[in-house]
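First up is the structure itself, then whatever we jot down about it.
Order as written gives the chain letters A, B and C; numbering starts at 1 within each chain.
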C-alpha cells in the first residue's frame, strides 16, 4: 500500500465514526485531493480484492471501516460485540417524516402520524438522530427539527439525497386538488 | 393460528397483548382497508367505521385519545355521507381529507420500510469499538462572534415572548393601561366598535385587559356597551357626563 | 487471507478490548487451536509484510489491532488543524441564556428553550465556555451553570458587566412561568 493509504487506514481505524473527506485531507495537507481519492480507492480495493474481514464504506459524507456482514453472527455469538438495538416503529415513522419534511415542527409531525410524539422526539434527540435546526414562523414560534449526521450513519446513507425523492416513491402523493373525489 | 389474526381474537380481550400493535389510528385504518381489500379512494365508510370501533374495543385501545378521535371522525363522515348532497356542484366528498391523510401516511410508511432495510443492513456491520484514549482531545478553534451571541438572545426572546400553543402561560393583565387606551379613543370619537379597540391587541392577555377595562368603565358609567344582534360587533359609546348625572 | 484470518480480523476490529486466544477460539469452534494460532500469525504477517497502517499486538494476554505509532502524530495534528468550528443554533441559544441569566440550572434553560439540552450543555462544557458554578436552592439542589474566563477571553471582555445590554437582557430572559397573574 502507498504511504497515504496506510495513513488513511490508521486514521479510519482510530475512529468509531465516519471521517469526512475534508478531515482526511487534513491528515496530509501536501497531497492533492486527487491523490487522496486514489488512496481511498486503493484502500477499498485492497480490502475487497485481498480479502479482509473489514470493508471501507462511504457514509455521511465521509468514510468508515466496518466489519463485513458475513462475520456478524459469529462475533455476536462469541459475545465479542453486540449489535445496537433496533428503533421502534414509532421512532422510524417520526424519522421518516423528519427526513423528508425537514425543517418540521412537532405539531406537523403529529398531524401526519395522527398521534402525540413527545416521548419519541425526546429519545430521538437524545440519541443524536435529530436536532433543533431553527424556529418556525407560526404561533409560538415552534422548534423545527431536522436530521443529523448521526441519522445518516445509522442508516449508512452517504447523504440525504440518497433517499428516493418523494415523487419516486411508489405511492407518490397526489396534489390535494386531485385527491378530492368527484 | 387464530390468536395471531386480530379477527380471530375479537371477543377475547385477553388475547389483545398477542396482537400486532398499531403505531397510531392511521396505521390501524390502513390495515383495515388492506384487510377488507377496498379502494382507498372509495372507502366504504360505514363498514370501515364499524370495523375500526370494534377493533379499538378488542385491542383495548379505547384508552388512547387518538383512536377515539379517529373513531369520532369516521362516524361524522358516515353521517355526512347519509345527508342529502344538496347542490351537486358544491358538494365535496367528506372522505377527501381522510384519503389525503391516508395517502400521505402510506407514503411515509414506504420510507419507513426503506429505512428499516437500510438500518438492518447497517446493523450487520460493526464499527471499530476500541478507541485509544487521547490525552487531551485537541479541538478546532471556535468561530464565535458577539453579534452571533446577541442574535441568539434575540431568537430566544422572540420565542419566549409569545405563549406556546400547549402551555398556559400566566400573564399579568394590564387593565389600567386598557382603560387609558379606551378613554383616549373615546375622547376623539363619539362611537367606537370593539373590533377597533382590539385591533392592536396581538395576544389574549391584551384582549382580556381590554374587555375588563370596558366593563370597568361601563360600571363607572363612563360608557355604554351595546350589542345589537347576537355575534354582531359590540358598539361602545361614551355617555355624556351631564346626561349621566341627570339620569342618576 | 484465509477465512479464519478474516474472521479474526473482523472480531478484533469490533471488540472494545484485547481478545484472549480462548475467546478467539469460540469464534470458530470447529477449527483447531493450531489452525487458530496459524491464522493469528497470518494476520500479523499480513499487516507487517503487506504494509498496513495498523498492526496486531499481543497485550495483556490477548490480541488487539492497533494503529501504528508512526501515524498517531499525524492524526492528532490533523484534528488540530481542522477548520474553526461554529456553534450550532441550539448551542448558541443555550450559551446566550447562560451568559445573561447565570447562575442558571439545566431545568431552567430547558424551560426557556422548550427542549432538552443535555448534549449541548456537555459540548459547551467541553469547549470550556461554561462550567458548574454552584448548586441551586431548589429540589435536588440542581447544578448551576455560568460562563468561564475562556468565554470572556473569547469576546475580549474584562468582566461580565461588559456584555452588551446585560441588565436589560437578563430581565427579559426570565422564564415566562415566573411572570404571575395578579
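Everything that follows uses one rule, which is that a residue touches a chain if its C-beta (ideal position, glycine included) is under 8 Å from a C-beta of that chain, and two chains touch if they have at least 3 such contacts.
As the structure is a computational prediction, the values presented were derived from the model and not from experiment.
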Innermost chain, where centres are averages of C-alpha coordinates: A
Relative to chain B, chain with the most remote C-alpha centre: C
Inter-centroid spacing, chain C versus chain B (mean Cα positions, whole Å): 38
Distance between chain centroids, defined by C-alpha means - chain A, chain B (Å): 31
Centre-of-Cα separation between chain C and chain A, whole angstrom: 19
Residue numbers of chain A (touch at least two other chains): 13-14, 65, 67-68, 75, 81
Multi-partner residues of chain B (at least 2 other chains): 126-129, 132, 155, 159, 163-164
Footprint of chain A on chain B - complex, ascending: 23-27, 41-42, 64, 66, 70, 92-93, 95-96, 99-101, 103-112, 114-116, 118-129, 131-132, 155, 158-159, 162-165
List of chain C residues in touch with chain B within their complex: 10, 13-17, 64-67, 76, 79-80, 82-87, 89, 92-93, 95-97, 99-100, 112-114, 126-127, 129, 154-155, 164-165, 169, 172-173, 175-177, 179-182
Of all residues in chain A, those that touch chain C in their complex: 1, 5-11, 13-14, 22-23, 26-29, 50-54, 65, 67-68, 71, 74-75, 77-78, 80-81, 122, 125-126, 128, 131-134, 143
Of chain B, residues touching chain C in the complex: 126-130, 132, 134, 137-144, 146, 148-153, 155-157, 159-160, 163-164, 167, 169-173
